[in-house]
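Sending over a structure as C-alpha cells; questions will come in a sec.
Per-chain residue numbering starts at 1, and chain names A, B, C and D are given in the order in which the chains are listed.
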Amino acid sequence: MSSQFRTVALIGKFPNAQGGTPAEILRDIAQTIEGQNCQVILDEMTAQASALSDWPVRSLEHIGQHADLAVVVGGDGTMLATARQLARFDIPLIGINQGRLGFITDVPLAEQAQVLPAMLRGEYSEERRTMLAVRVEREGQLIFQTTAMNEVVVNRGSRAGLLELRVEIDGHFVANYRGDGLIVATPTGSTAYSLSAGGPLMHPHLGGFCLVPIAPNNLSNRPLALANTASIVLEMIAGREASANFDMQSLANLQHGDRVRLERAEQSPRLLHPKGWSYYDTLREKLHWNQHNCA
Amino acid sequence: MSSQFRTVALIGKFPNAQGGTPAEILRDIAQTIEGQNCQVILDEMTAQASALSDWPVRSLEHIGQHADLAVVVGGDGTMLATARQLARFDIPLIGINQGRLGFITDVPLAEQAQVLPAMLRGEYSEERRTMLAVRVEREGQLIFQTTAMNEVVVNRGSRAGLLELRVEIDGHFVANYRGDGLIVATPTGSTAYSLSAGGPLMHPHLGGFCLVPIAPNNLSNRPLALANTASIVLEMIAGREASANFDMQSLANLQHGDRVRLERAEQSPRLLHPKGWSYYDTLREKLHWNQHNCA
Amino acid sequence: MSSQFRTVALIGKFPNAQGGTPAEILRDIAQTIEGQNCQVILDEMTAQASALSDWPVRSLEHIGQHADLAVVVGGDGTMLATARQLARFDIPLIGINQGRLGFITDVPLAEQAQVLPAMLRGEYSEERRTMLAVRVEREGQLIFQTTAMNEVVVNRGSRAGLLELRVEIDGHFVANYRGDGLIVATPTGSTAYSLSAGGPLMHPHLGGFCLVPIAPNNLSNRPLALANTASIVLEMIAGREASANFDMQSLANLQHGDRVRLERAEQSPRLLHPKGWSYYDTLREKLHWNQHNCA
Amino acid sequence: MSSQFRTVALIGKFPNAQGGTPAEILRDIAQTIEGQNCQVILDEMTAQASALSDWPVRSLEHIGQHADLAVVVGGDGTMLATARQLARFDIPLIGINQGRLGFITDVPLAEQAQVLPAMLRGEYSEERRTMLAVRVEREGQLIFQTTAMNEVVVNRGSRAGLLELRVEIDGHFVANYRGDGLIVATPTGSTAYSLSAGGPLMHPHLGGFCLVPIAPNNLSNRPLALANTASIVLEMIAGREASANFDMQSLANLQHGDRVRLERAEQSPRLLHPKGWSYYDTLREKLHWNQHNCA
C-alpha cells in the first residue's frame, strides 16, 4: 500500500542560538518519506539553516499551496508557529519532537523511521485545533489583526499597577477584571500559560475558549470556559504599559479604550497523530500524573 | 397576543422543616398564569404541602405528559430535581426564585406578575442543559442507574484514607486519581460543588463535562474539561466507605472494582429565561464580581 | 485620665487627582486630639495639600523625632507609606480610614470623635508589623536599598517570555522558579497582591514571610511560608524587561545575574488598634466571608 | 570520638499486609549502631514483627524513659506515629527511609552505614517540630483528648451535605466555614493533606498552624496561617456523619455543638538530620520542582 500523500514538505526547528534542526536529522526523515514514494520538498528557512540542498527548496506559501502534508521537526513552539502560518491552506501536519515529548509534536525523533511510514500509508487519526481570530481596535479603527493558536494575553507592564479590563461576551457585559491581566486560551493553549495561571485543561474535542484571569484582585474571578461561538471583547479601562500577546507576537502600549476582539478563526489547523496516540497519555506523561506529591 | 402555552403546571418548593411554598404565593402565580388564558394544574406534592385545591391536582408524571410548561417556584435545588424528573418529557421550565437569585431560578418572585405574562406570550430565550447518564456496575452487573443535572461525585468516607480511582475516557486510560474524590460536573453544576473544588465555570452553550479532583494527592491533577461525546469510567481501586453521589441521590459503600460509567444523557432539560436575561449577570451577582477583595 | 501622648502628629492622604484629605476632616480630627490635651502638629505635605495652618507644620523627619504618636488619615496605601517612612523612629501609628474599612486603617472616620479619645487615654492594643529589608546587587555592588512593608515582587516585562529566578534561602538552594515572577510578602502584604496570586493569609502575630510564585510553570511550585529569620536571595537567571517592586517603589531593567537580597528589617512599625478591634473581623468584612458563592 | 548516645533504640516499620521492616535490615542498622559503641535496644512490636531477639527487647514506654536516641526505620507514617508517642519523653529521633525519600525520614537506608556513625558522633542538626494538643468537648464535657503532629481534620460524611463549622481564635469569632471540612495543619503537616487542599508549605522554623478549608463554599475562604500561640475552637454548626481526624486516629459522629479545641502541645518532637541536610532539597525532590509542566 502506498502513501496517501504525494508531496510532503519538511520543515525544521526555527534556528535560534543553539541552531535549527541539524542536516543529518532532516536527511534521515526525508529518506523515510521518500521510502514511501513521496516527493520531499524543503522549507526555505529550514534549507538555509541546515545548508541542505538535496531536495527542492520552497517557500512556506508554496508549501501551503502545493504540498499534501507537512512534517514539522522541532518542539511545540515550531509546530505552533508553522500550524498557524499554514492554517489558511488546510494542509495536514505531523509533528516530530526533537527533544522531549511535546503536546503537539507527538512522534519521537527516535521512532520516526517506524512511525512515519505507517502514517504516510494512512494509519493516523486526524484532529482539528481551533484558533482565535484577533482584531485590535483603537478609536474605532482596526490597528492590528492576527490569529493565535495557543492564547491571547492582555497584561500589565512590570512596573505598572493593576490592569483593568472590561469584558463583554456576545454583547453582554461580563465584568471588569482587575489584576495582572487576562488570558483567552484555546484547548491547545490550555496546557500552556493558561494552566500556570489556574485554568483548566480542555480537551481539543470540546473546542471553546477559556477566559483565565491572572492574579485577579477579586478572588471569585475564576476561569470561565466558553463555547466556540463566543465573541469576546476585552476593553482597556485602566493600566499603564499594557500589551497584548498572541502566541509569540506582541502589540505594545495598549491605550485606554483599546478593544481586543476575539472569536473563533475560520481556519483550524489539522494535526495527524499516529494510530494509538492518546491525548491522555501525553497529559499523563507531561504533567507527571504517575507521581505522588504529598506525604 | 395570547399565550403559547395552554396548560401550565405549577410546582412549589419541596417541603422541608421551614415548609414548602406558601399557598398565597402559589395563588398569586396561578392567577398571573390564568390572566394569560392558560389552564393551571397543580403538582400533587405542592398541593398537599400548601393545602391548595383551587386547581386540578396532578402527578408529576401527568404533568410531564400533558402540560405545555412547568413553572417551578423555590430555589435551585427544587428546580434541579424537577428538571431532572421531567427531563424525559421534554417540557420547558421557568424557575421563580422564592429567596435570593438562583443560577437556574432567574425570575424574582417579586417580579412574577410583570415577567411571567411576557414569557407566556413568547418573550423568552430557551436554553437546553446537558445531563449525565450514570450506570454503576459491580462485577459486570448493573446495580444502579440514574441521571444527574449538576454533578456526579465519588468520594471517600470521612474517616477513610485516600480514595483511588482509575479513570478511563473513550477507552483510553487517563490516570489513577488519589485524593478525597472526583467530581464530574455539567456546565449547570460548574457553579456548584465543582467550583468549590477548583473547577472552572462552564457556559451552558459550551456543553461538555468537567472532571475535577477533590484535594488531589498529585498537585498537577488539574480540572479537565471534556467534550459532550466523552464516555467516562471511574473505577474504585482503593478506599473505604466511599460513596457515589448524583445531585441529591447517593449510593453508599462502593466496593473495590465498582465502575461508575458516565456519558451525556439523551434528555436535556429546557429552561426558559426572560428576555434580556444574561448568564453573565447571574454570575456577576452571585459571585460578587463587582466587589474588591485584596488590598 | 489624660492622654499618654503629648505631641500627636496628623498626617493626611497623599494628594492625588482627587485631592488629599480635605481641611475640614483634618480640623475635626485635630480638635478631637486637642480635646485630650495633646498638642497637634501637622505634616508639611498634608498642610500644603489642605492649605491648613492652624497648627505647627513639621517635616516627617521632625515628626518621627519629636511626636509621640502619628494619626494617619486616608487608605491603606497612605498608612503603608507613612509607616514605612517613620519606621526608624519607632513612633506608634493610628490609621483612620477616609473611605471603606482598610486592613491597617481601622478607625472609621465617622467614629473618630468616639474612638480616638479612648485610644489617646490608653485604650488600645499595640501590634508590630515586620518589614523586609531589601538590597539589590549587580556584579557584587549594591545598587539599590530600601524597605518594604507589604511585599517585594520581581516580575517579567509584559511582552517578555518567562522569567527565571534562582532562589536561595539561608545559603541553601531552593529552586529555579520559572513563570511571571515571585512575590515575597510580609503578613501585612498577605492580604494584598500575594493573596491574588494564591498566597495564604498570614496573621501578623505569626511573623515570617511568604514566597509566592506568580503563574508558575511548575504546578507544584506552591506558596512557601518562611520564618522571620530567613535570608532570601532571588537571582535573575533568565528574562527580559524584568523589574523589582517594593511596595510602591520600582527598580526597572533587572539584568542577568542581579541579586535581590531580602531579610527582616530591623524596624517594625507599631500600629495601635482600638480596644476590641479584631484582625478576624477585618478579614471577614473585607473578604466577604459572610456571603455564599456556590450554588 | 565516640557516640553522644549510650543507649539507642531501634524501631521498625509498623507491620502491615506487606510486613514490617525485615530482620536483615534491622540487623544491619543495629550493627552500625553497635559499631559506635552504643547499646542497642529493640522496640517490642518491631522485635515481634521481625522475630529478632539478638538485642534487649523493650516497650516504647521504656524506650522513652531510658534510651538516649531512637532510630526509626520505615516511612513518614511510622516516624510520625513514633514521634508523637515518644514526644513526652523528649528523646531525639533519626528517621531512616526504607523506600523513597520521606519528608521526615531523611536518611536513605542504602546510606545508613555511612551516615549513622557520623550522626552518632554528633554530626547532625536538630530541629523541633510543633504538635497540636486537641480536646473535644460535648455539652461542656471533655470526650476525647490527643495530640497530632501532622494535622487535625474535621470533615463531612461522604453522603452528607455541607459541613458548617464556626471558628473562633483566641476568643474572637473568625467565620462560619461551609464546605467539605477544615484542616488545621502544623508545618510538618503542611506537606501532606493540607497541601492537597491548597494550603501553603510552611517551614518548620516558622512554627504556627495553618487553617485550610476543604472545597469551601465561599471562594474567598483562603488558607489562614496562625501563630503558635493561637487557641483555635472549631464548633459543629451543621452537617451529618462528620468526624474529626488526628493524624491516624479518628473520632466519628461529631454532633451539633461539639467543640474541637486546638492549641500548641507542650511537647515538640526532636528530629536529628544529617549534616548538610536541607529542608529545601527534600521539597525540591519530593515535589519535582526540577521538572517543567506547562508547554
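What we mean here is this: contacts are C-beta pairs under 8 Å (C-beta built on N, C-alpha and C of every residue); 3 or more make two chains touch, one makes a residue touch a chain.
Quick caveat, the model's predicted, so the values are computed rather than measured.
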{"item": "Given chain A and chain D, the chains that contact each of them", "value": "B, C"}
{"item": "A-C or B-C, whichever has more C-beta pairs in contact", "value": "A-C"}
{"item": "Chain located farthest away, centre of chain B as origin (C-alpha)", "value": "C"}
{"item": "Intercentroid distance (Cα basis), chain B paired with chain A, Å", "value": "36"}
{"item": "Mean-CA-position distance for chain C and chain A (Å)", "value": "42"}
{"item": "Approximate Å spacing (C-alpha centroids) for the pair chain B, chain C", "value": "46"}
{"item": "Sites on chain A at which at least two other chains make contact", "value": "193, 195-196, 217, 219-220, 222, 287-288, 291, 293-294"}
{"item": "Chain D-facing residues of chain A, complex", "value": "76, 102-103, 150, 191-193, 195-196, 219-220, 222, 286-288, 291, 293-295"}
{"item": "Contact set on chain D toward chain B in their complex", "value": "155-159, 179-181, 193, 195-198, 214-217, 219-220, 241-243, 245, 250, 252, 287, 293"}
{"item": "Complex interface listing, chain A residues touching chain B", "value": "169, 172-175, 178, 190, 195, 199-203, 205-208, 210, 217-230, 278-281, 283-284, 287-294"}
